[in-house]
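Several structures are given next for inspection.
Heads up, the next two complexes both have chain A, just with different partners, chain B and then chain C.
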Partner chain A sequence: MNGGAATLVLERIGAGVLAIAREAGGIGVLCGRVVRSLVPPALDARELKLHLYKMGVRSVPIVVLTAFFTGGIMLIQSGIFVRRFGAYGLLGWGVGYAVFREIGPILIALMFSGRVGANNTAELGTMTVTEQIDGLRALAIDPIRYLLVPRVLAMMIMLFCLTLIGDLVAILGGAIMGKLLLGVDFWTFYNSFADNLKTQDLAHGLWKSIAFGGIIALSSCHFGVSVRGGAVGVGRAVNAAVVAAAVGIMLLDYFLTYLLP
Partner chain B sequence: MIRCQGVRKAFGDRKVLEDIDLEIAQGTIWGLVGPGASGKSLLCKLLTGLQPADGGHIFIGPDEVSALDENGLMRVRAHFGMLFQNGALFDFMTVERNVAFPLVRAGVPEAEALERARVRLRAVGLSGSESKLPSELSGGMKKRAAIARATIARPPIVIYDEPTAGLDPVTTSKIYDLLRADHAQTGSTVIAVSSDVDGLRSFAREMGMLHGGRLIWNGPAAAIGDADHPVVRQFVRGELEGPL
Partner chain C sequence: MRPDRPAKRLLFGTPWGVSAISLHFELARRIAAQTARGALRGRREPGELVRQMYQIGNRSLLFVAVTLGFIGMVLVYQTCLQVNRITGDLSQVGGEIVKILTHEFGPTLTAMMLATRVGAGIAAEIGSMMVTEQVDALRMCGVEPIEYLIVPRFLASLAMTGILTVFGVAVALALGTLTAYASFHVNPHIFLDFDRVRFGDLVTGILKCIAYGAAIPLVSGHCGLMARGGSEGVGQATTRAVIASSFVVIVLDFGLAGLSYFLLQQP
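Right after this comes the complex of A and B.
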């Protein structure tokens, strides 16, 4: 590689790093502004309720469906080893541990990001390019407080609730599949689950879900309100928001798995 | 009183506004014309603090907009009503909720705000469209709904950015009649931006023209047609030959 090509590669890497730093910084600044807007708490209850419904209640069917089959898949994957070692008594614990701590929060967060986060970015992006956000500011209304804070709170609250629902449905899916595929009766499954799992295991995943809700909300709002360039820009922003949320979820999961008990 | 002193704004290397000096007396209807992309809408956004100026001073009454933080700007913006070029109606709200929105946010009880919005919609000829969404309205109807929203709280300063762009001549006349009637009722200071010189000349008392980032003419609307500046003369008369 000659000097010119090496410089070009370094320039591209540098530009990429700068772009990531710019977006991460933007998300950080937005996070600070959202937190500042909560002091003193002056929340638009109507907007919050609307988003709790739109983002949470309407996501329940897709979360239930995904979670049920997730529990089933966990069972199918572990079924071979359970049979080989006769570890039927560990089935409930195995499914519950994986679902509560990792699979439940991550899968539901990714699903939530695709459905709710992408929609949120598209909505805010369209409002930005059609000057509706400037319209709010011109009416002396703080868009952070009126538009973003209810969305961020709704996403954090509803991802927590959806993860709780999803966890329970996934366990139910595991128990049903265990009975159908491995002949493990519900009581054996339940006892393995109840005797070996602690509230802490469930809480571990639920804490993560709040953090995942936060990163999905902040990235979707950040890319939504910083859209440039009309419909093409909105499409690009949705794409960037979903990717940023997925990366954020994985990074947060890594660190939270270390930090949380 | 609205006052600009040496206001300038650039985007990267592109200087959009340079050394804008301007005074608009209270209660005046001031029209701003200029070719496309001459910075007309940008000047409106600088006046309301929606965009920060790079230099110079902007005063709205005693408040220097260019020196205020976002909270201070919110306070100043409460004196403004603004019609955006594309209406900027909130597409997630019905027309009546859009119009009632400034009142609701100002603390007027919702039922009263909605009733006042319905009255206002009747006044702009939009009765029957109350429960429609903005996407269900035609261009002219959207403009009228947006005008209703910009003026419902009777702000002391109203900015109309291209109130008649893309509208047929009859609707244009109706819109100007509406703006005239509003001004007669409220006595507010009006800034109207348009590329339609003739329409604006019939509405505004004072007029200015932006070109090349500068306010190259400012004076009585009746005199703009006789301006000495060749660019102003060509633009106003719509001549093909000239410096433009």
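Right after this comes the complex of A and C.
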């Protein structure tokens, strides 16, 4: 009986590892195919523009709101240190460093994954269960080139732009909250920010955002086109896609932190 | 997909938007009221609570461990890098990391992860029940869907968010200590300095866990119950649940951090 239980546990661990390997492999293969179809660069420009608008421009409000609150939260956290040591000159640096390098790209990527990535999985999943993708194939249109490549490119470009906007809004949010909560005026904030931060810090976060855009796009497309089983399947695929994107973001963040200056 | 003219959109969109928002608020109010009533007293489906706790808690363990582990490593690495550049005294870093994980990053980032996993899961499940008319079938059998579907998830999430946060912070600290030791040669005994965590930090962390744990199932259950129309509707509901519950977590964090800054964190 004891041996049976142990086998069961091993079996379940093995099944879990296999499932993870299958999805990771699927994302890897999809990445290869997307890169392969970019080699003679043939792009559906209209489709790309549509997705740039739908994924990027329409996400601006949620990103701006998130970034504003993020700036406020970081200000409160730095405020705790600043009040303890009385070092008001370090406030802008504290907020800027945290926002530019880590918190800004990560939180904006998570929101982007929720809004755009999940939406993309739902859209592709619906197309898959209603057999529209097979329809495309029957018309001799390559679904990867027509459907996936513009989405992947649009997400990478737009997450970069949104992170740039979000970083600036977060700093602005930090400055406004600093004025309201701690009574630190804008010049003190700006000076500490401008004196201690380099372009490198901003670039560090922006490089990360491009990579995050790629992993969000690939995981959402992968789970979207491999949906099985109607409405229930679509819901489950969206769930799996956002989870995979979150794990991917954290993994990439870790490695890029070491690799980038 | 060209945007309509703004004036036209405002003219025709506003009444529609107002009615849609008021509908949302009505449903949200009903969900909150009935969940509160059902959580306090009400018939419980035997075993349902345990099943939901397993779904929300145990099934998220690996996800929380992986994400929070990497966050812990990155947090320690970036902080040490910056402190090295400015003062070079790394003995203080550990205590501050423990403190900030307790009252800020531990609860909030765990909740962001749960908003993604649990929020999407709840909305997908309830949304598919909605579009396949299982929720209507429940109502026809005289079962109140909110009490039957949302109350067990609410209670399970309330309990499990706290437990997962403790677990996530432990993983983040363990890996962070390793990073500090491997990359910057900080002694683990010096790094793991729990003396700086004060009562106020602990209270803030616990309050945040409770608030997030309550908000995520309510918001995503609401999104699930609003699902209409086939697989597209389920996808939309799930998307909306992820966004709405992540955003609620950030707003709650801002509010609670501000509150605790003024009330509890006296220097």
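Worth a mention:
Assume the second predicted complex is superposed on the first by the 260 of 261 C-alpha atoms of A that agree within 3 Å, B and C clash if a C-alpha of one lies under 4 Å from a C-alpha of the other, contacts with A are read in each partner's own complex, and residues count from 1 in each chain.
Assume contacts are C-beta pairs under 8 Å (C-beta built on N, C-alpha and C of every residue); 3 or more make two chains touch, one makes a residue touch a chain.
These numbers were taken from a predicted model, which means no experiment stands behind them.
When the two complexes are superposed, the chain touching more residues of chain A, out of chain B and chain C, is C. With both structures placed on the common chain, the touch criterion links A:66 to chain C but leaves chain B unconnected. In the superposition on chain A, A:250 makes contact with chain C only, while chain B stays out of contact range. In the superposition on chain A, contact of A:137 is made with chain B only, not with chain C. In the superposed model, A:11 makes contact with neither chain B nor chain C. Of the two partner chains, neither chain B nor chain C is touched by A:195. Where the contact sets of chain A with chain B and with chain C meet, they give residues 123, 126, 130.
Residues of chain B that touch chain A in their complex: 45, 48, 50, 70, 74-75, 77-78, 80, 82, 84-86, 88-92, 101-102, 105.
Within the complex, the chain A residues that touch chain C are 16, 50, 53-54, 62, 65-66, 69-70, 72-73, 76-77, 79-81, 83-84, 97, 101-102, 107, 110-111, 113-115, 118-119, 121-123, 125-126, 129-130, 181, 230-236, 238-239, 242-243, 246-247, 250-251, 253-254, 257-258.
Across the complex, chain C meets chain A through its residues 1, 62-63, 66-67, 70-71, 73-75, 77-78, 82, 96, 100, 104, 108, 112-113, 116-117, 120-121, 123-125, 127-128, 131-132, 230-239, 242-243, 246-247, 250-251, 253-254, 257-258, 261, 265, 267.
By the touch criterion stated above, chain A contacts chain B in their complex at residues 123, 126-127, 130-132, 134-142.
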